[in-house]
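Shared chain: chain A. Partners: chain B in the first complex, chain C in the second.
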Partner chain A sequence: MTVRVISPGLATSVQDLGRPGYYHIGIPEGGGMDRLATRIANLLVGNEPGAALLEATFMGPELEFTQAATVAVTGGELPPKVNGEEKPSWESFEVKAGDRLSFGYLKGGARAYIAISGGIDVPVVLGSRTTYVLGALGGFQGRVLKAGDELPIGEGMGKAGKSLPAEYRRPAQAPAELRMLPGLYWHRVTEAAGKRFFEETWKVAPEADRIGYRFKGGTPLDFVPREPPFGAGSDPSNIVDACYPYGSVQVPSGTEPIVLHRDAVSGGGYMMVGVVISADMDQIAQLQPHTPARFVEVTLDQALAARADSNAAQRRAEDYLVG
Partner chain B sequence: MAQILSPLPGTFYRSSSPDKPPYKADGDTVAAGDVIGLIEVMKSFHEVRAEVAGSNIRFLADNEEPVMAGAPLADLD
Partner chain C sequence: MSIRFNFGGDEHIFGEVSEDMSLASFFTGLSMTNAVRQAGIKGVTEICPANASFQVRFNPDLIKPQDLLMELQAMEQAAAKSDPVLDTRIIELPVYFQDPWTHETLLRFRERHQDPSSTDLEYSARINGYATVEDFIAAYAGQPWFVSMVGFVSGLPFLYQMVERARQIQAPKYLRPRTDTPKLTVGHGGCFAAIYSVRGAGGYQMYGVTPAPIYDPQRKVRYLTDEMCLFKPGDIVKFKAISRDDYDATLEAIEANTWQPVVRDAKFSLDNFNKDIAGTNAKLMELLK
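What follows is the complex of A and B.
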């Protein structure tokens, strides 16, 4: 069966849990930016947690089904509607042949995950169905959806009425607190500027996307004076090119921190003040432009403990759904 | 009376560029499909169009104002 795209939304793409193993040659892992919401949406419709689904950013698509299917929407609060009638989020529901799935205005968060029973059956490229838009790779023709696209859907039918209670979901924070481990280049920043970096409240810039989340509104960083090393540029935020980890926080010219996310470029010449810990990466996926956010300094031990907590929370949610 | 809502969260602009006049001024008449402003988000600009015709448009959001999805941008008679 296929699902026809009546209107695509703003930037709706096919995602799964990503394409690990190629970042060293410049192809990012990708995948749903909110990994928990990706896994749960799939489990709600009876798919494997890593099946391909749609990630809709800020605005939902309108889709027409040619056959019956089970659908679930998780992540940001983007209210699903079937033939205009509102349906719950974080709960599976049935659509019949000819039904239209559309969405109301985004009420909270930033990205919704739309899982369809059977999964979206686009070709597997380098081990994944994830779309890497910047590289025109994978997903549906390597791009975001357009009106008129016909998405192939796999075999499978779930059950309506399966839901994940709120206590198993990640609560939203205001301001968002992004825990950060200071990194290799932290010494480039003066002590006073480093202290201020963690004290101030930043705001998500409208440019934030799957590649990186930019923040603004804080005081520009002051740098420790230096002689630029051979191969680095003259800007004090320049370094000799290095690898960029997921979650790394670069601050070009010391003005606006950018947290690299799932479609990150793999290297470049900006110093990174640290990395946002893995446990807080999903939360970034749900930040709208202009949302206040703070960076909170943690140690490696605290980061590892947070990762263990986050993995345990994911297991509890999945155990609730699959037993 | 009709209201024009922002389809997206982002930054609202009343004109296509800083040196251009606003698409619509308060009191103007609007035809269905007319562009009344832009929303900037994710490094792109999205036109906001009136879904219905109306008269005496009154803007509720300022130029360069941060808006949420569903935020009222203008009233129409």
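What follows is the complex of A and C.
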């Protein structure tokens, strides 16, 4: 069966849990920016947690079904509607042949995950169905959806009425607190500037997408003076081009920090001052522009403890659904 | 020289061989990443060599970060001692310098440039002490370049000029990055040349375009059917300056899928190169004839 795209939304793409293993040639892992919401949406409709689904950013698409299917929407608060009638989020529901799925205005968060029973059956490229838009790779023709697209859907049917109660979901924070392990080129930031970096409240800038999230509103960083190393470039924030970790925080010219996300550029010439811990990457996916955010300094042990907590929360949610 | 190791959050270890760029540092990083790959360490998911550094990504649920760090540190001595010799290849890449597309783009972003009254080529020629743009291009395309990193975006090579450091061409990046760069632009930032595999944002000075695709996600281009990306670290590249007519003819052959670059197997020894740069390069370029 297929699903027809009546209107595509703002930046809707096919995602799964990503394609690790190709970062060394500049192809990022990708996958749903909010991994927990990706997994849960799939489980709600009876798919494997890593099945391909749609990630809609800020605004939902309008889709027409040619056959009956089970659908679930998770992630940001983007209210789903079937033929104009509102349906719950974080709960599976049925659509019939000819039904139209559309969305109300975004009420919270930034990205919704739309799972369809059977999964979106685009070809597997380098081990994944994820769309890498910059490289025109994978997903539906390597790009975000357009009106008129016909999405192939796999076989499978879930059950309506399956839901994940709120206590199993990740609560939203205001301001957002992004835990960060300082390091990499942190030693190049002066002590006073480093202290201020963690004290100040930043705001998500409009340039926030799958590649990275930019933050503004804080005081520019001061750097420890140096003689530029050969090949680095003359700006104090330049380094000899190196790899960028996922979640790494780079501060070009010391002004606006950028946190790289799942479609990260794999390397470049701006020094990184640390890395947002893995447990907080999902949270970034749900930040709208202008959301206040703070960077919170943590140690490696604290990062690992946070990861263990986050893994346990994921297991509890998944056990509730499939246990 | 000792590698500066650092944790990049809870999933990465970053190793900086040196702050400055050199082929010796590149070779140490390459030996390290090869050693990590061969070791087959459980929990390691990505192994990325870079110019003078490298990065290993791991799953901390499968291996403790401190344990992986100790394994990497144990490999360091062997990597530093390893013989810097590569079985590699030299690739000749046609480049149409002073093309109309990068020219149109650089005009659109002139206010972001250090010298809005010059083109990127005029500016780069001047600050590197070349009398004319033609002299600059002759130097650019006259000696080979070494692929010391692939990344930023899919298949984009960073190229290090194989000449004495004093002669290496250097140019700053744009004051503010452009939001557009034509696909297959040959650009320069710091001491590195780069070839933009896809259209997009960029901050490097723009000098020309190659007609040859270097990344093909569809794997239809005849020399990119096995690997989507043409370049890998350790490749050697020689630019060949071509005219508009050559460019058009090559493009036509690429569209008919009958064209492929000249590629020859080559051996590269860093010690021999350091002893005799001109002689080593001459031998490498001889292979292309």
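One rule holds in what follows: the second predicted complex is superposed on the first by the 323 of 323 C-alpha atoms of A that agree within 3 Å, B and C clash if a C-alpha of one lies under 4 Å from a C-alpha of the other, contacts with A are read in each partner's own complex, and residues count from 1 in each chain.
Following the convention adopted for this analysis, contacts are C-beta pairs under 8 Å (C-beta built on N, C-alpha and C of every residue); 3 or more make two chains touch, one makes a residue touch a chain.
Model, not experiment: these values are computed from the prediction.
Asker: With both complexes overlaid on chain A, does A:Gly135 touch chain B (first), chain C (second), both or neither?
Answerer: The answer is second: A:Gly135 touches chain C but not chain B.
Asker: Between chain C and chain B, which one touches more residues of chain A when both complexes sit on the common chain A?
Answerer: Touching more of chain A: C.
Asker: Once the shared chain is lined up, is A:His290 touching chain B (first), chain C (second), both, or neither of them?
Answerer: So A:His290 only meets chain B here.
Asker: Applying the document's definition of touch, where does A:Ser278 land relative to chain B and chain C: first, second, both, or neither?
Answerer: The second partner, chain C, only.
Asker: Going by the contact rule at the top, pick out the chain C residues touching chain A in the complex.
Answerer: On the chain C side, the touching residues are 6-12, 14, 16, 18-22, 33, 45-55, 57, 60-61, 65, 149-156, 158, 160, 165, 170, 172-173, 189-192, 197-198, 200, 215, 217, 228-229, 232.
Asker: What residues on chain B touch chain A, complex-wise?
Answerer: My answer: residues 5, 7-11, 40-43, 46, 66, 68-70.
Asker: For the complex, which residues does chain A have touching chain C?
Answerer: Interface residues on the chain A side: 20-21, 23-27, 125, 132, 134-138, 142, 180-181, 183-184, 229-235, 238-243, 245-248, 265-269, 272, 274-279, 300, 303-304, 307, 311.
Asker: Enumerate the contact residues on chain A facing chain B in the complex.
Answerer: So the residues of chain A in touch with chain B come to 10-11, 57-59, 104-107, 110, 206-209, 288-290.
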